[in-house]
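In what follows, structures are represented as structure tokens.
In the two assemblies presented below, subunit A is common to both, partnered first by subunit B and then by subunit C.
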Partner chain A sequence: MIGVGKMKQYSNVLDKPLTKGKQEVSLSAFAFLFSELVQYNQTQVDNIGELERRLEDAGYAVGARVLELLCHREKGNRRETRLLGILSFVHSTVWKVLFGKVADSLEKGTEHEDEYMISEKELLVNKFISIPKDMGTFNCGAFVAGIVRGVLDSAGFPAVVTAHFVPMEGQQRPRTTILIKFAEEVLRREARLG
Partner chain B sequence: MAPVAPRSGDAIFANIERVNAELFTLTYGAIVRQLLTDLEEVEEVNKQLDQMGYNIGIRLVDEFLAKSNVSRCVDFRETTDVIAKVGFKMFLGVTASVTNWDAEGTCCSIVLEDNPLVDFVELPDTCQGLYYCNILSGVIRGALDMVSMKTEVTWLRDVLRGDDVFELQVKLLKQVPEEYPYKDDE
Partner chain C sequence: MATTACFIIVSRNDIPIYEAEVGVAAKREDAAQLHQFILHAALDVVQDLAWTTSAMYLKSVDRFNELVVSVYVTAGHTRFMLLHDSRNDDGIKSFFQDVHELYIKTLLNPLYLPGSRVTSSHFDTKVRALARKYF
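On to the complex of A and B.
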């Protein structure tokens, strides 16, 4: 039969049907790839701050695309306009799609109005990584912080997002917290919307 | 102890931890984008991707051998068969096929129809010389290097350049006999 078994050729990648998002690769394939990303960036920078920034930039690109993909596929092209809406979108939908589970917790900062924290006991990207002592507070979770910043920025909620280790009693490995600090304009807009 | 039978690619894939392919795809895209920004020359990016793949391959082969329980491959034919059926399935979740054997049995093509690295990707006109999936050729080269086979891996067909499948040509250059790192009489 003619045409059976041959993939239909699309001249434009935008014409291809969107995948359902159910395809999977092995965790080790991702871990190897991520380690190469970190190793490559280590050769390109002189200090930890630069390295974190580069990982964050890589994550930012991923985040922007994830938002577009998920908005189209999961939410039927509806846009979040409220702060809590976008935060719960990141905490549940984005985390579920990227890491297979919702984030462990979403908290509002007590000291500052504009700070929120998403915590995870063990970030997927940090699973096989151990930070040498001389790299201090470096956290490869900067990649995930970049993803979150990409999602928030593209959704119209500019923020500064960073990743921190928070040591927990009784646990050997520290918990990772993604700290989100929203820009002034976001809070003003949120106040106006009531 | 009875020898453990080699497991099929599907069985292994079902048993290992998996992540969403889109995270993988988007991360790879971020890497390629970073390389293009830093290196600017398409040839340089191809080489860097190959090198990164090589670094991955030399470590990946250990995990592959540990998880798949394949017995020692008798010849190159079996090796490439195992790579295509078990290796690709185990790590990328897709099956490849092996075709185009030459007369001596040292050169073949691995054909991939599905490739999780290239979802959502289109090559712009400025990057026409880019082998987007060059990391795969490095991985295969690195993995085979660690099992004493020097190979050359090149792309024959690339979907991003208009072909209908991905085709990698794997050529065995020579089989390096294993050497002890020390001399017996020292």
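On to the complex of A and C.
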């Protein structure tokens, strides 16, 4: 076989060990890939809502896998059964593995019981993207919102997750907030579990 | 050790995505359906139990005659259920952990739709090899 070097050749992916691998990925490679993803989807849809939904669906697939993988790697096979537990898991562990740092803040919504917000000064996926005026409230952070929704949904906490820009005084670029609105059953179960 | 055992992986939406009869004891013709029936009936118990603990291995959750149902729940609420007739807690726990790793590797495939049937014959071979190793 050509190229049989020191590395063991695995015939099937199921035989490969589930190691941490390389921790770092090229930022430019990711930025190019993400921009291509957005551009491709732009050609496929007619309106902004549809574009956001497609990015979210792409993120959902990532989220479902990230949850399983991280619980296995980082948390030594312990699941999250409580709301605050899963939120802090997303806010610290998931963010650290995906973006290299924990999220800037995690807040509970004041108006509604079921709303929580994760804020980030500069979301990695939005770093190299500028939104033209005619796209209104479109936010590429929909991809990250999809990842969060994938994690929460797979863990048994169905929620509606959206990404919003929040303008800050004294700063040129607005802050990005991921708004998480949990479904009724999650709150009822939380109340039941005490 | 010769034991009857039926192993099923059930997804979050209560759809079985993988089934295997592992074990060397004599099989009756209707044993397979009976095993599946018992495992499906145990799903309700697992549902309630899963939210009370943050551990993944739930030990034995249900009994039927001499058969015992042991369950392991993953972070994404995929349940590995094993119906067996012997007491071998450590072996079963290690078996579940190894199958969990195999499952994660299958899940990481971007072309695999989570919640759909696992059809890879390699996966099947590996699960049966693990079963032979631990039982």
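Methods note: the second predicted complex is superposed on the first by the 181 of 194 C-alpha atoms of A that agree within 3 Å, B and C clash if a C-alpha of one lies under 4 Å from a C-alpha of the other, contacts with A are read in each partner's own complex, and residues count from 1 in each chain.
The criterion applied here is as follows: a residue touches a chain if its C-beta (ideal position, glycine included) is under 8 Å from a C-beta of that chain, and two chains touch if they have at least 3 such contacts.
Computed from a predicted model, the values in this text were never measured in an experiment.
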Of subunit C and subunit B, partner touching more subunit A residues: B
Touching partner for A:Ala61 - first (subunit B), second (subunit C), both, neither: both
Touching partner for A:Leu33 - first (subunit B), second (subunit C), both, neither: first
First, second, both or neither for A:Lys133, with subunit B first and subunit C second: neither
First (subunit B), second (subunit C), both or neither touched by A:Lys20: neither
First, second, both or neither for A:Ala155, with subunit B first and subunit C second: second
Touching partner for A:Gly100 - first (subunit B), second (subunit C), both, neither: first
Touching both subunit B and subunit C, residues of subunit A: 12-13, 61, 65, 69
Of subunit B, residues touching subunit A in the complex: 13, 16-24, 26-31, 33-35, 38, 48, 52, 55-56, 59-60, 63, 90-93, 113, 116, 119-122, 135, 164-165
Contact set on subunit A toward subunit B in their complex: 6-7, 9, 12-13, 19, 21, 23-30, 32-34, 36-37, 39-41, 44, 54, 57-59, 61-62, 65-66, 69, 97-100, 124
Subunit C-touching residues of subunit A, taken from the complex the two chains share: 12-14, 16, 18, 61, 64-65, 67-72, 77-81, 85, 154-156, 189, 193
Of subunit C, residues touching subunit A in the complex: 12, 50-56, 73-77, 97, 100-110, 114, 120, 122-123, 126
